[in-house]
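I'd like to ask you about the structure that follows.
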Amino acid sequence: MTAGSLSCENIQVSFGGLKAVNGVSYDFKPGLLYGLIGPNGAGKTTLMNALSGHAVLSGGRVRLDGQDITNLSVHRRTRKGLGRSFQITKIFAGMSVLENLQIAAFAHRHRVQPFWLPASRFAAVREQAEQVLEEVELSALAHRPAEYLSHGDQRALEVGLSLLSEPSVLLLDEPLAGVGHDQLEKAIGLISRIVKGRTVLLIEHNMDVVMQVSDEIVVMVQGQLLASGSPDDIRGNAEVRAAYLGEEA
Amino acid sequence: MSTLIIGLSLSFLLFLLSAGLTLIFGMLGVINFAHGALYMLGAYVSYQIVQITGSFWLGLLFAPLIVAALGALIEIVALKRVYSRDHIFQLLLTFGLILVIDDATKLIWGFDYKQVPTPEMLTAPVALFGSQIPSYRLFVIAFGALVSLGLFLLLDRSKWGMIIRAASSDADMARTLGIDVNQVRTGVFALGSFLAALGGAITAPLVPIELGMGFSVIIDCFVVVIIGGLGNIRGAIFASLLLGMTRAVGFTYATEWVELLTFALLIGTLMFRPEGLFSYKGRSA
Amino acid sequence: MTRRTVGQTLMAVIIAAMIAIPFFLPGEQWVNLVSLILIWALFAIGFDLVFGVTGMLSFGHAALLGSGGYALTVLTLSYQVGFLPALLAAAVMGALLAFCMGLFALRVSGLFFALLTLALAQMVYILASNKLRALTGGVDGIPGVPRPDLFGINFYDNRNYYAFIVVVFLIGLAVMALLRASPFGRALRAVQANDTRASQLGHNVHALRQSAFVVSGAYAGISGGLLASLMFYISPQMLHWATSGDVMIMTVLGGKGTLLGPILGVAVFELLKEELSQVTQYWYGILGLIFILATIFLRNGIAGLFHGPDDQDQGGAS
Amino acid sequence: MKRRNFLKNAGTAALVTTLPAPLVRAATPDDFHIAAILSFSGAYGLIGNDMRKGAEQAVAERGGTVLGKPIRFSWEDDETKPQPAVQKASRLLGEGAQMIFGAVSSASTLALQSLSTQRKVPHLVTISADDAITKRDGAPYSFRTSNTLGMEINMSMEFVKSRGLKKIYAVTADYQATRSGFERFEELAKEAGVEIVGNDFAPLGNRDYSVIIDKMIRSDADGIAVMATGNDGITFVKQAGQVDLGKDKVIFGPVLQDDIFAAATGPAALGVNSGVRYHYSVDNPTNNAFVAAYREQHGEMPSSFAGEAYDGLRWWLDVVEQSDSWDVETWVEAFANSVHETSVEGRKEMRACDHQAAQVGLWGEVVKGEAPLPELTMKINEIFPADRLFDAC
Amino acid sequence: MTLLALESCDVFYDKAQALHKVSLGVEANEVVSLIGRNGAGKSTILKTLIGLNRAASGRRLWKGDDVTALRADQLGRLGIAYVPEDRRIFPNLSVEENLRIATLMGRQGGWNLARVYDLFPVLRERSAQPGDTLSGGEQQMLAISRGLLTNPEVLLLDEPTEGLAPLIVDQLVEAMRLINAEGMALLLVEQNLRVPMKLAHRQYVIDHGAIRWSGTTADLQVNRAEIEKLISV
């Protein structure tokens, strides 16, 4: 079986009385890029949290490559090949860009973190980190403190961090949010490069981008799936247009 | 039966001691390590007032007010500057305050023990349930009940309570409604200091007044506050009752285990509910 | 970059000078003072692994310090164990107690963690001063804690014991420097900077926190053993929460999250204490005032002075 | 860089360890330097100040000199904690202090004791009462000139017998010394045919005795023995007063009350009986002279802490003077076998076997005082001879 | 008369610039809407107007006076009310307390407790319940009522209809129309055109922290295709 299939069965997440995700079932097939769209508050990020283990399910199951991961902790899911980036940038402040990536690489390569040698002595890790650095085009900024990067570069680093666990499934939460026009091309290029060979679930509000890069679009409204299909199908879907533009369906 | 009465008096003393601590945490997110020092100060100031006026009641009234004013000053001069930083800095600052308050007390009142006599009208014991109950204990119960009731009315029913609750749950939103959150914070810290000093003043006739007294109560306060859930006044009263009753029963049957019983209760609670019996996100202030 | 290097070098030079002074100055005053500073510094750098690097405020480190002190005392006095094995046992004891405390305390985070460690340590304090008095000598403690008996050197001479402390300290410092620079140390910093992200990258955050606490416990245990031996005496006072407060004050004063900062913090604290207490009996209050001012105005402690205002410390506070 | 540092220091260390120990005590120093380690802050801060006054009186009285050299005190605050006590004493011994005076709390004193043994420096204790301080063949350089808890316990039982009490309810601070004190008391009670109808161990530093007091009220005891002192004792007596426990039961304890504690307790202290270490009302020429000089100097009556400090230091300095030597061993030898005929409490005799002064025991009751006495003061009712209080050594 | 305006404001979050030289204003008695995608900077503009964000440069004006330096509570007392996107109902206050707290400011005007209960009768039914037990739509009504009870001259509404059922949306739109009819200016933030087209007199289109288009609703109707591109699929 190809690695990278992710399936949701009737996922439910509630906060207090509010059902943020209400019965979502969907099979994400290996190797495809899914664009997850929907109006604000539709539950997109919550769904992603449910998949990555950051939200507690009140019902339903999550399977990765057929294996039930519903009750696994976040770091165990990561080790099974589920990677993720966050909507709000979650890089490690106080460390350089390269150090950030090394943190990720060490996590991937060592179950018990080595304490007997300085981090700088692990050439393989460094190489891997540098490789990703190149991939996300941040090589020139390797030694810059991460929090001093421009917003766009921080987002790129954020994506780079997710890559180091060599995930078969990658969840990207608004990797382009706040990226300026000038950097948009570069960012899109980055995303299209890294998704190769992976199953990707992408939350993104820039419709041009979503439509351009996605194989499939999944639309969520009020905690439920409204529609799914090819970008063209979705573009022509009246219901979806109503959800966005507020036109009567 | 007398155990019950004594347990109640222990409980209300504990509640009076810890109410201010949990109030300040609930509103400001600050763990006020200097709470014990303010309690001690309350006892000393009430001693001073008793010395001057000869009236315990004036001490009980004015000592908390004076300490509250000092609390307000501390908040404005020092604490205000570190709200925006990590909680740890606020904790550190109040830790430094202990040292300053302790030495200032030493400077003003010297080393020797001070004492506040039991007020004249409460010296005679009362025969109840076949035992002699000190009338001062009964007063403590009544006063404690009154203060907790007053606190609930203030927080749950009054305009000020509404403002305090609003500002503690969402400071920015409260600001847009015209509430000067900075002033509210100063007020809450002053109120917490008031309660600490009230605890000191009411305990004064029961114990010798000395420099170490703040040090010894703070751990009890923390235990109450942790069991009750940080920042939860209702939880604090429940935890005080639990602890007070446990101690009364413990003193009756196994005095030498009372101290450990307190911690057993704490650990038991935390095994069962790590964030206290009432988590501070709870409904009441 | 260069500024940081210059700052670190400067700090290292100051510390090296401090260590060297007792070797060259006559009289025992410096020997005693610096001995104490180095032992506390060892305690503080261990504490900072939890506090400054991993971002957990432990208010229970006194219990770890004391447990090490008692382990060494009881083993050497009651079981005639040699000093070095007993010192090792002190480390193990500190680590073990840290592990046990961690089982409870790591269930919560932030201020809850601080309060819970405080309560747990206070329980250990009460046990030691009361219920375990057969082992600990109760409130009065145990006098006559021995010093090392090695290579035929008389370590009861404070100068010789000082040399011993310096050796242990430097080993401890080197190990800590290595730990902090190792992938393990990096991972701890990542946990502090962003635990959600760290776990997302595949780090077992709970295990990392637990390990940091355990290592820190070992440092505290060794420091406790050395301290008991320096004083020839141990009592539950070592376990009192005020001791936890002291090490926290020193660490913040020196600069949390830095390797050398806490050492400077300890040195300044002890020096101030030494000097102020000669001048006024209200020195604790003055110290408190200095500490409050430092909290308000010296965000990154003394180490921050060396690194300049805009240079965040390595730990990436808050 | 770190590695180089390490090597350098290790090298220096190795070098130093091979040097001979440089400390040889000068034959005749410039002054007689006393390392006075007392509590000026913390729980016993009050005591330290009084001890200092008493000690200074003892020195002033002899013109500030011994063996023709000026006496110099270094007053250090141990914060009522053992670690600072040792730390500060170590520093002073490093500077060449000839003796240690202190500390206040038994914990600090025991800590100083091992330092004194280690450094072979005489150590004078005038307040700490823990029996462990003067054990048989114990610390060779430590001496105690004041009471032990053991003798005070014995005194308590003498009081029980003389008062004809038959049933005792006890409360004991949960602390090593007081626990053994209670055990001793229990044995003595058995011998004397006195029944112990109850005992509660209350935590040290307990702030609430109401439940225990309630149990006492309900009991048929005619005597209440309080094996606790300081805060614990004051708190107990204060709270007992709120139910008039003393109305039909006699409250007493080995070190329950003195003038200072009574002042802290308030009216509830009236009628409470206690062993007293020293009291200004003891009538003998030495004491009368001391009290007069002290009152002139400080405008108050000397406390038991001041009196004991004065008495012990005076005794020690006399012995040193008589030894006419700067040799520590000579002093220790002489002091171990000395008798203090003119003590403020009467006669004291140092026992060579355990370095404990055998002495009379004062027993008193809190009564109302008239000026110039404080409002509440101790009235010494009995003076027990030493042979009834001390077991053979 | 321009009630409330921003003049060339730059706003940063940490080091990321959220607003670029934004200038806009609300006239008395006017309904103005800010439209844009998620993350375009609309909420940031509102927060800057009400004083919860500090502008790195530029000015805030109230009836022509410079009020850049005033704090949020002072601005609130001038007559600016804010209904935030996530409603921010005080969870530990009852529904009625959530309303009464707004009246403490003491500004006089046409709105009182009885009138908001008439406007949203469901709130009267729920007046004793804790604020966070309301449904999303009820919370929105409560948030709007809370804003009204300060009797402001201008009410800032951040996506008041987001995530609500069409029926509730209609109810809210009617309410806003009524509020405006009584003379209160509204500044409305929306992601889509549904509500603005019904209510607003003038519109600003925001993208990437800057104003991309502004004009009357009639103008917008003319350029609708172009504007939809800026905000949607």
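For the reader, a short list of remarks on this structure follows.
Labels A, B, C, D and E are assigned to the chains in the order they are written; within every chain, residues are numbered from 1.
Definition applied: a residue touches a chain if its C-beta (ideal position, glycine included) is under 8 Å from a C-beta of that chain, and two chains touch if they have at least 3 such contacts.
Everything quoted here is computed from the prediction, not taken from an experiment.
Shared contact partners of chain B and chain D, listed by label: C. Considering every other chain in turn, none proves to be in contact with both chain B and chain E. Counting C-beta pairs in contact, the pair that comes out ahead of the other among A-E and B-C is B-C.
Chain D and chain E, compared by their mean Cα positions, are separated by 75 Å.
In whole angstrom, the spacing between the mean C-alpha positions of chain B and chain C is 32.
Once the centre of each chain is set as its mean CA position, chain A and chain D turn out to be 72 Å apart.
Centre-to-centre spacing of chain C and chain D amounts to 34 Å, using the average Cα coordinate of each chain.
Of all residues in chain A, those that touch two or more other chains are 147.
Each of residues 40-41, 174, 203 in chain D touches at least two other chains. Applying the touch definition to all chain combinations yields A-C, A-E, B-C, B-D, B-E, C-D. Those residues of chain B lying in contact with chain E across their complex are 159, 162-163, 165-166, 168-170, 172-181, 283-285. Within the complex formed with chain A, the residues of chain C that make contact are 1, 178-179, 181-187, 189-190, 193-194, 196-205, 208, 312-317.
On the side of chain A, the complex with chain E involves touching residues 16-18, 39-42, 147-148, 150-151, 174, 177-178, 180-181, 205-207, 211, 222, 234-235, 240-241, 244-247. Of all residues in chain B, only 2-3, 6, 9-10, 13, 106, 110-118, 123, 125, 130-137, 203, 205-212, 216-217, 247-248, 251-252, 255-256, 258-259 touch chain D in the complex they form.
Chain D meets chain B in the complex at residues 40-43, 45-46, 49, 174, 200-203, 205, 207-208, 210-212, 214-215, 217-218, 231, 234-235, 238-239, 241-244, 260-261, 263-267.
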